[in-house]
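By written order: A, B, C and D. Residues from 1 in each chain.
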Amino acid sequence: MPEINLVEAVNAALAFEMAADENVIVLGEDVGVNGGVFRATVGLQERYGNERVVDTPLAEGLIAGLSVGMAAQGLRPVAEIQFMGFIYPTVDQILNHASRLRNRTRGRLTCPMVLRAPYGGGIHAPEHHSESYEAMFAHIPGLRVVIPSSPARAYGLLLAAIRDPDPVIFLEPKRIYRLVKQEVEDNGESLPLDTCYTLREGSDVTLVSWGAMLHETQQAADQLEQEGVDAEVIDVASLKPLDAQTILDSVAKTGRCVVVHEAARTAGFGAEIAAQIAEYGLLNLLAPVKRVTGYDTVMPLYRLEDYYLPGVDQIIAAVREVLEFG
Amino acid sequence: MPEINLVEAVNAALAFEMAADENVIVLGEDVGVNGGVFRATVGLQERYGNERVVDTPLAEGLIAGLSVGMAAQGLRPVAEIQFMGFIYPTVDQILNHASRLRNRTRGRLTCPMVLRAPYGGGIHAPEHHSESYEAMFAHIPGLRVVIPSSPARAYGLLLAAIRDPDPVIFLEPKRIYRLVKQEVEDNGESLPLDTCYTLREGSDVTLVSWGAMLHETQQAADQLEQEGVDAEVIDVASLKPLDAQTILDSVAKTGRCVVVHEAARTAGFGAEIAAQIAEYGLLNLLAPVKRVTGYDTVMPLYRLEDYYLPGVDQIIAAVREVLEFG
Amino acid sequence: MAGEKKTERQEELECVAKFDIRYTGYLDKDGSVIRPLPEVANQRETLVALYRSIVLTRTFDQKAIALQRTGNLGTYASSLGQEAVFAALGAAMQPKDVLVPYYREYGTQLARGVTMTELFLYWGGDERGMDYAGPREDFPICVPIATQIPHAAGVALAMKYRKEPRVAVAVFGDGATSKGDFYEAANAAGVWNLPLVLVVNNNQWAISVPRSQQTVCQTLAQKAVAAGFGGEQVDGNDAIAVLDRLSAAVEKARNGGGPSLIETITYRLADHTTADDASRYRSKEEIKAHWEYEPIKRLRQYLIASQFWDPKQDEELHQTCRREVEDAAKAYLETAIQKPSSMFDYLYENLPETLRPQRDELVAREQRHHAGD
Amino acid sequence: MAGEKKTERQEELECVAKFDIRYTGYLDKDGSVIRPLPEVANQRETLVALYRSIVLTRTFDQKAIALQRTGNLGTYASSLGQEAVFAALGAAMQPKDVLVPYYREYGTQLARGVTMTELFLYWGGDERGMDYAGPREDFPICVPIATQIPHAAGVALAMKYRKEPRVAVAVFGDGATSKGDFYEAANAAGVWNLPLVLVVNNNQWAISVPRSQQTVCQTLAQKAVAAGFGGEQVDGNDAIAVLDRLSAAVEKARNGGGPSLIETITYRLADHTTADDASRYRSKEEIKAHWEYEPIKRLRQYLIASQFWDPKQDEELHQTCRREVEDAAKAYLETAIQKPSSMFDYLYENLPETLRPQRDELVAREQRHHAGD
């Protein structure tokens, strides 16, 4: 079994599903000859031709709108937005159309499209290339929002997203595109959506995160282990629909929870998780639910980005705080 | 003192500030001769001319982008988006530019603009005319998000928003545009932003809401009073920046909190409030923080909208639940 | 339209591209013929069917407004005076084509098999009004202006990918031409030579904003120049002209000729919607002047002059239309409201487990409601 | 461009509007004159200043790339081969005008008084690089493609409102012309006859997507037809032509003549950015062919042929430029990093109370960091 990194896993999933289903069409800016600025679509146009791997004019709203039309005709467009910073022109199409087409037509027309975008900070990218706005999409009814955090989950979840009969926003944590390699069998097996993945079992505290921040979260868990703290680590993976039960069950066991994300704190998706615990897990709580997040500031240009991104030390400090509480 | 309704208060604030400051420019679709589809800008073009009350071509992204440019030149554009359902093309400009211009230029250029939009359901409007997406904007650093719930607050908060040196999203709950009249002195006095307004003091439970839902929330409080339940009612008014302290202080007193909003539950702004309480008010809580909200569904067409919108009975049921808890 | 390709580095001061925009109209305001007619003008059956379609649309429209006035329908956007454009488009398209409409195209929708009951349901606040029993692949009415145009381009891209001889048609108003979605989709259609027809229904107003404040372009048709394909104007109240030009554009698209932009020049004789009061922003005289050009009278007079039609048939047609409309209205008014929980049932193919409690809560609420709680 | 107004209901088949697009170029690839020159071609001082500006831009560019290669600068977008466009624009504008740039216009920015140190700081990941000490009202570099164009329209609207004889200029690439923002802003500029110049820097590529895949339009200049005003092409590597046409457009705007779209035809000789590898999608031959037309050589040869300049001066100029660039780079490298808490200090005019704890936390983190924690 080959060892591949996260972006290679994305590429493998795309290639697998394009071979399996000729309704799958990849479109976006520079996805063709260039293979995507992160190489996620490399080799696909060579293999499947430029009718199935389509370089579009430079217009993200168009990309989303085209995808809605294609999906309504039964194709399975997998659109790439080059960076999440350029995804906002798609919000209108995603919110007003993609997420609603099935509902509006009482199931007559559907919208099985995937909108992929690399997101998040930490690679010293230029301005507007490092933001995390998953919460915005997670608020929109009718969508799925999926974020992988490892090569295996990138492969399995992307396959699931493409096969899903409804629109999926698939956000790829670019900071870990090439961070780790993992054995991933290219067997076309998808992983379930709508469920959290418990990456590590523990009894003292529940750490909840998604995307690249799981890397720091797991590091924190490792360090805490050495201090004798047994942390459970949950990868939310599907932010929408949210499998709150897995988190609630974990908190029922540990009594303590720290949510970690890179996005700005206020009205970030961590708020939803904390709110669910405050509503359905209150009696189990031995300490406040802490959020370790990006600040409520504009993501700074790269020289200061490491100060913006939550670090292992902050996660550990938050865990200590909840452990020492009360 | 004249009695005016909420939309008249909006109009009065616009008129006052246009007279006081010739940098204030109103722009949008049908804001001129027509006076806005809800009459919010009625009479302004007659009084201030079509250079200050500008009917734009039909393009919301343009309206936002123009406003950024105008604001950078020291004007104070007050742009109207006809309905919140058409605000999404502005997200790119608001998120990538308006909210960031001051920060990017280290204060050299600023963006004192207001984006007004009627929002929310309950008036049997056509498709796409009834949604509530305040949470989306409340997540964006550098913005203010303000929602009035009475004529007096509409007047005072809109004046504050126009005078504020930073961009403000000003969402007007159209269901209550004409619901109540109130004496409002047209004296140009603004109300403070960045603070909650406690509409009713009480000791048994804290009800937190904003916009049109405060109407049902206050009705619920009235009914609860008859049952001997003494509810405190807080109008958040400024969702961003959020004055969490007022809410936390209230919950410290009551030990119970129900958050009420019309928007879909998941990742709605109620989550942020619940999360703040779970983090900073946990020990004061005598019961779970309940959210009474719209469902995580597409806002239905009008025949079913009353089933979507939270009702007084649901608020009361939630209050009973938290009162009977534990 | 003509354009000359410029070689990459032609170092002279020269004209590198030329364009012109043409306008087509055959009937004057009284239905008299002012220039040699196209073939379709001799096809009695086609024209009579078109006329029926136009009359039915107007009859439907009147009923919808009456229902709205009596509190039986929500806000409604009338197509009064613009029926020829919409009916002609219905006639120009084949059933297998896909219509991507905005909110005024009852004429086209009816011609394509959307039922009047469905249309009433839609404006009556019921999603089932978008579940067309007839044209299953047509898009539902689009409210956010111009956002449907990229969908039509996507539909056309799918058709091209599958090498199907089908055409996608997007219709939108003059106001919509100011929006980026229109331009982005048109430009892409040019790049891929898509089987797409863009119909801009220029009714001179976007609510209260006149055409002259949307753009300084002399024509809306010329906006196609920016997308690299042909645009033309046609008198939208001349049923013969508009049918001829739309048919030509649809068939051109079907035959691999690529996209077109057709500007149909018409006039919105009614208020923007029932929620609007147009007297705030336009004069009675303007409306009166435009009534002179309304399409029904012009086509009827042409049909009668051509001995394709007579006043008795006309009377019968109006009666039939009224009856059909009344039947549809009755069916609409008798349609029981949907279950509230239906709002969960078409959200995803399978309702995610995590949403079940919300659905259950709504069902309970509904039951309490029925129990009169 | 010429267009004839069509009366509202002209019932004949006729041409209702005509447009043509012109192209300007004076120098061939060797700098020889191929047609009668405009006035500016005789203005030694102007042309020498322009030449200096072009050479400085290229020198800056080379240094920026060297800094990036050695890990001292972030991703950087070179303007290699396109300097004439940007320098000419700098020369065409007045200080009181407002530039609304994209990310390749160092030439224009430098001419307007943005310092090289500021530019290095920007690409070096420091917001202070957008706090221009010189042109205080110019917009900073815009990364999200085409989104700055509506800003420029808004700036122009403000200028018009205040009746100031100033002009706003937006610059963007060929790729940007596919985006709705470009079209919406252009259309609005037409409606209000704004003092706005739109410069589309057509360097033939948008990263890996060639101009031909952005649009089938023969020219990008013709996109102005959709906005109702004039568009034209100019050889962007012919410094004289581009200065002449940009100056004309800027002065036209200043004098109430309204907006223009100028397509400057040039070529991106470098990779898209330092993060790109253009060999994946274009041939060495193509690049080589375009080197023939690069602007420095052409202008230098014209200057020398006109006896405005000699090789010795040229050598001196290059030396001066290198020195200035080195000084700026040194100043950049010596600039201490901002305090992390600065990310809170320009977010609002006054930091809201509720954000103070976050700022305090960051300050504490910074202190721990300094304490080596």
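By definition in this document, a contact is a pair of C-beta atoms (placed from the backbone, for glycine too) under 8 Å apart; a residue touches a chain by one contact, two chains touch by 3 or more.
This structure is a prediction, so every number in the text was calculated from the model and none was measured.
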> Taking each chain's centre as the mean of its CA atoms, which one is farthest from the centre of chain B?
Replying inline: D
> Which pair in A-D, B-C or A-C has the same interface as B-D, with over half of the contact pairs matching by residue number?
Replying inline: A-C
>> Between chain A and chain C, what distance separates the C-alpha centroids? Give it in angstrom.
In response: 40
> Rounded to the nearest whole Å, what is the centre-to-centre distance of chain A and chain D, using the mean of the C-alpha atoms as each centre?
Replying inline: 36
> So which bits of chain D are touching at least two other chains?
Replying inline: 127, 144, 178-181, 184, 187-188, 191, 213-215, 342-343, 347, 355
> Which residues belonging to chain A are in contact with no fewer than two other chains?
Replying inline: 57, 59, 61-62, 85, 89, 92, 96, 103-104, 127-128, 141-142, 241-242, 295-298
> In their complex, what parts of chain D are in touch with chain A?
Replying inline: 74-75, 103, 122-127, 141, 143-146, 175-176, 178-180, 206-209, 213-215, 275-276, 280-281, 337-338, 340, 342-344, 347, 355, 358, 362, 365-366, 368, 373
>> Per the contact definition, I'd like the list of chain B residues that touch chain C in the complex.
In response: 29-30, 32-35, 37, 55, 57-59, 61-62, 85-86, 89, 124-129, 265, 295-298, 300-305, 307-308, 313-314
>> Residue numbers of chain B touching chain D in their complex, please.
In response: 25, 51-52, 56-57, 59, 61-62, 64-75, 77, 92-93, 96-97, 102-110, 141-142, 165-166, 194, 241-245
> Contact residues on chain C for chain A in the complex?
Replying inline: 98, 100, 127-128, 130-132, 136-137, 139-140, 144, 147, 149-159, 161, 168, 180-181, 184-185, 187-188, 191, 342-343, 346-349, 352-355
>> Residue numbers of chain C touching chain D in their complex, please.
In response: 3-6, 8-29, 34-35, 178-181, 183-184, 187-188, 190-191, 193, 213-219, 221-229, 233, 235, 238, 265, 293
